[in-house]
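The structures considered in this document are given below.
In the two complexes below, subunit A is the common chain; its partner is subunit B in one and subunit C in the other.
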Partner chain A sequence: MRAKWYRRSLIVPLMALFVTVGCAGGSTQNAGSVKVIAEWASTEQANFLSVLKPFEDSTGIKVQYESTRDLSAVLRTRVAAGNPPDLAAAPNPQLLTQFAQQGKVIALDDKIDMSQLKQNYSQSWIDLGTINGKLYQVYSWVSLKGLIWYNVKAFQAKSYTVPKTFDDMVTLQSQIKGTGTTPWCVALKSGGADDGWPGSDWLKEIVLSQSGPDVYDKWVAGTQKWSSPEIKAAFTTWGKVLGPGDDSNVFGGSKGITNTSFKTGGNPLFTNPPKCYLHNQASFITTFFQEANPNLQPVTDFNFFPLPDITASYAGAHVVSGDAWSMFHDSPQTRKLLNYLTTANAQVIWVKKGGKISPNKQTPLDSYPDPISKESAQILVDTKIGKYDATDLMPADMRSAAWKACLDFVTNQGKLDSILATLDQVQATAYKSS
Partner chain B sequence: MDFGVLLTDLPTLVVVILGVPALIGAYIVGSEFLVRRLSDKRRPQVRPWFWVGPALFLVAAYLLLPAIGTVFQSFENNNGNFIGLGNYESQFANFPTGGAWVAIRNNVFFWLIFYTLFTLAFGLILAVLFDRVLYENIVKSLIFMPMAISSVALGVIWNFMYQYQSPGESQLGTMNALVTFVLHHDPVSWLQDQWPTPTFNILNNLALIGAATWGITGFALVILSAALKGIPADLLEAARVDGAGELTIFRRVIFPLMMPTIVVVGTTLVIFALKAFDVVYVMTAGNYGTDVLAYRMYNQLYTAGNSGGASAVAIILLIAVVPVLIFNLRQFRAVEARR
Partner chain C sequence: MLEQSNLGQAFFNSFMIAIPATVLPVTIGAFAAYAFAWMNFPGRNYIFLALVGLLAVPLQLTFIPVLHFYVQNLHWTTDNLEATGIPGLPWVPLWLAHAGYGLPFSIYLLANFFRALPSDLFESAEIDGAGTLTVFFRLVMPLSVPAIASLVIFQFLWVWNDLLVALIYVGSSAEVAPMTVNLANLTTSLGAGSNLLTAAAFFSMIVPLIVFLSLQRYFVRGILAGSVKG
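For the complex of A and B:
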């Protein structure tokens, strides 16, 4: 009798097990999956998922996308725990470079279609992802930095003209200031840990345009001291834009700068009357303009000019940035996905939604949704001296110190020398540890 | 949710569902079997060790060993080479603004003193006052409610409270709306302004501490209120009969009787103050001189990828906490002994 009782009680869990196995049998016939991690959330996440849709439909491979705003912490933890995603897109190649040096990411040379890549990408993008002669990173979408945005109608109303040289711009800003309005909007607030980065954009553009690519490269590599005359000059030039000593050229002054998020930083351009006339931000900012004011139209309502050249011999120099893909886990599915993400067909899907530029030469200029993104894509193609975002290439310690320095500088420009001394100290140790 | 993923590794699934309960059952039955072999006298001595054994094992495996590992790591550089006190040197370099000094000052000075004092004072005052009203339970639950909010949400909420718009703009943050509307003062940049001096920036640290205090006052209130209820009514009655005023009763009867509880709550709060992380992470990210040790440790490890430096900060934090911890345990024991 007892044995029977045991046997009967076993039937139920066993049946449950068989039923679930049977059900699972139906769904495991898929073609595998790829785990992807990146920082894109909300609208950007939706855009990325729409890029993945045709890939998933045609191959049957499922892409499990995970979004995080704390990418370096999440990636470091997962890599250390031996549980990395298959692919990751990082806006700071330096983090991936560190992984590459530790052998945690996989060289792509024999994993993806290199002939296709070399045909479609300019050599500078490939060089950027190459470490010790091997390709570790590829780019799908990039953006152009150093664009000065302005309100077209407000400019016309006051008959201001787009400055051709840096001196013209300085004249324009004192002209605007003469009418009792602050010329600039500057916003350095971001997610907390990355507060200050929009200020570092100013610095990079000024260093490149004022002192040229050699100084820029040495600065990235950590051999150009922050207290050197060139880098110090970049700070003082930026100070000239902000208002020497007191940030008086900026709407809200230093408190306004540190308290305003980069997402809403450009919105005072469009108040009536405008609270500022100029705003420096990368090409993605149009998404935020139109999120705040859905009626705004590119070209008729807002437009941009590239930050005017400071030193004539370095004319046409631009800072670019992008999200770099790295592979942590090699599988046929991962290779397929990475190949797909480097094609114009994939990139054009997001390009059409706005806010991104494709580095792929096959992406037709017609696919940009508006004249503005088309023009920034044109500038990217025409760039004479293209340099990747300097702080994103620096060791993480150096990068966050640089961001902090921007906050300290706008809070108190008089402390520049001690700020530079602190940065020199960080520079002395940061490059050793990585 | 795709539950199919559970079936990709059937052996593991079977081990988890059947093996884990079986192992626990076998441990209980097996240890009891062993204990039964012993003489009647030895049994009560041995049995507790079997029961506390798994917990001891887990504490050792997940707390003690990693802590020892951290101590070793704090003497190593990133490549695992011994560098002596190098990590500590760089944390203690350039007094008073370099290394970990700002974080140390904020933790062991601003946070430890103000966070503990504010929370205790509010908790005690509210406990005594609420004790005298009929709707005590309702107001107590109201004050306790922020405890139910995750501290990240708390930081986000207070970020809105402290929001700053330029003078002349309409102020969206509650604090600045009050400051401009009631006090006719220019809006204050609560979290960024390093008032009164950048080397002694008490304002933005107090703004953070205020937010954290709001979240934890309910905890102090509930415990202190329970201690208050434990004071015998006839004692207070006797004091009143003897002609003592309410303030005197509070000072001479209630306060001394509650002292052991106040000390326990206070030392717990001191530990909370030293562990402060989330509010700082969400609200200022340690900028503008508001860094704390726990956040510095996080930054050293994840942002800078400097495991040695992070370990050194962790050990500094540990050394700061240990005396409080010992005191707290002793106090607990004293309270228990008095019962």
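For the complex of A and C:
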């Protein structure tokens, strides 16, 4: 009898559990909610939620926002298991493009207000989200790459001027080197597997500005060999900036480049006397400038100029990146939210909080909180040839190989040919598996 | 700080996840281990071998099929489970998943421990008229407290510190996410905010410390001293 008592005591609650859950399964769908997943956490999450607030207040639709720093793992698993969110914003559109090719995300052409979209965005932004003739991705906030930061006061003290052309920049760097100071600060460390990515930024900007959008597109698609003259030329141009053969133009030399974190890489600009005068990084770096030196003010203490055009016919070409929205599940609420997120009214909320730039033509330049982001927004609006960050579009294997190649190149520029040969091998297999 | 980043809620969630996810595999594991150690049934060794083999399966491999089963066959999405309004229900998939991941190890550990108990004990208990369950609850369990305590520590620490399994099965909405998920979200996508991370990580560390310190005396206690007389 005792045995039965034990057995029953275990079975009854288990049964109860399964029955209640089983019943709950059928009745689903909270009317009027949208599930959104993205990488924005902490202060970014607070900013995004304040963007959603007016939408929730005016429509009554509840947005369930989830943030995760491991977006590709979570998204891949959920999509494969048949439990995707309604909308996702990914900083790496390659993943979303893959989903689009597999038919896991929905084409937006007849889902969102296209005439509004065309009014708000220049064609190059719409092209960025178009795959096989259909629109799959739209952008709310983006950032501009290839900004050269400099210490304004140190520049004035030495009466250096902002270079207008690439040749001017090369002249400037030898002028700085003549005074016994290294002209550049370059920092490629990021933490483990991501090491080297800031170097790939250099490379992309040079490829686009030197060889133009067609080569760039072929390079992204994997049909332009790494050992081809155009890509090799990009490496050697970068080598010219670093100091041919020996990285002697950079503070700390090749050891300094590979061992300095990108977060602190620009700080030697602000020592007295400066250890370097120029630093190439995307717009977010100002946060780290001010973290290290809280007294620094934009424009009076630090400012930037876009990487000068290398080939005149490709003037105004810039590499951009941003978080792309994709729709996994179509519902009236999801459409409404996506329409809202492509309006200037929504984007301007985060723009005012700082750190983000809106690609929307209707976003007033006055809404940028500081002159620096206003200036980069101006450049972004004027961009003639906008191309998405190349390595973010390449398959994961190709991307990591490219990052590693940047480290290898900086360590020993003489090995360029063997580095490019290795990249060609990766290119031959990486595109097949994805 | 506690209010602003939902740390209090996450702390509670972590307990709600870790306690059942420890109790379940340890309880089931103890029953199963006893059967493997002291009961005779056909194929016992082969089943045991298969279970030990499961130790080598990386749990990442199971995410997609298990989640697919939850979502497609049982309709156990966090939304559906929350909609029932029964507190604790959204964590059921996670509890079962953790139990599944923990079972091979707990059965393996306990079965080896149970096997080492002297067979005289079981014979004399049988002569005294004890049934299987009486032997289990009155004899095996009290004698195995050190092994069970160490297993509880292992399992609790693993579940408490787990980020990925929780992220996959319950997601990161504030109502259900544990401490680890919350901590990971304290930094922005560019790594700003790491100062908060160290403070919060210390907060999350306190619990495993307490668990370890309060159970560690069982590790050193004499195991079978004086249990078999004459």
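We adopt the following convention: the second predicted complex is superposed on the first by the 399 of 434 C-alpha atoms of A that agree within 3 Å, B and C clash if a C-alpha of one lies under 4 Å from a C-alpha of the other, contacts with A are read in each partner's own complex, and residues count from 1 in each chain.
One rule holds for everything that comes next: a contact is a pair of C-beta atoms (placed from the backbone, for glycine too) under 8 Å apart; a residue touches a chain by one contact, two chains touch by 3 or more.
Since we're looking at a predicted model, the values are computed, not measured.
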Query raised in the report: In the superposed arrangement, does A:312 touch subunit B (first), subunit C (second), both or neither?
Result: neither
Query raised in the report: Given the touch rule stated above, what does A:192 touch, subunit B (first), subunit C (second), both, or neither?
Result: first
Query raised in the report: A:44 contacts which: subunit B (first), subunit C (second), both, neither?
Result: second
Report task. Once the structures are superposed on A, label A:284 by its partner contacts, choosing first (subunit B), second (subunit C), both or neither. Result -> second
Query raised in the report: Does subunit B (first) or subunit C (second) touch A:82, or do both, or does neither?
Result: second
Report task. Check the residue A:73 against both partner chains and state whether it touches subunit B (first), subunit C (second), both, or neither. Result -> both
Query raised in the report: Between subunit B and subunit C, which residues of subunit A are contacted by each of them?
Result: 20-21, 24, 27-28, 70, 73, 77
Query - Footprint of subunit C on subunit A - complex, ascending - result: 2-3, 6, 17, 20-22, 24-28, 30, 35, 39-45, 64-70, 73-74, 77-78, 80-83, 91, 263, 284, 287, 291
Report task. Could you pull out which subunit A residues touch subunit B in their complex? Result -> 20-21, 23-24, 27-28, 70, 72-73, 76-77, 98, 191-196, 251-253, 255-256, 258-259, 395-397, 400, 404, 407, 411-412, 422, 425, 429-430, 433-434
Query - Residue numbers on subunit B that touch subunit A, as the complex places them - result: 2-4, 7-8, 10, 77-78, 90, 94, 98, 163-166, 189, 192-194, 198, 281-285, 287-288, 298-299, 301-306
Requested in this report: Give every residue of subunit C touching subunit A within the complex, in rising order.
Outcome: 5, 63-64, 67-68, 70-72, 74-77, 79-81, 83-84, 86, 89, 92, 131-134, 164, 167-168, 171-173, 181, 184-193, 196
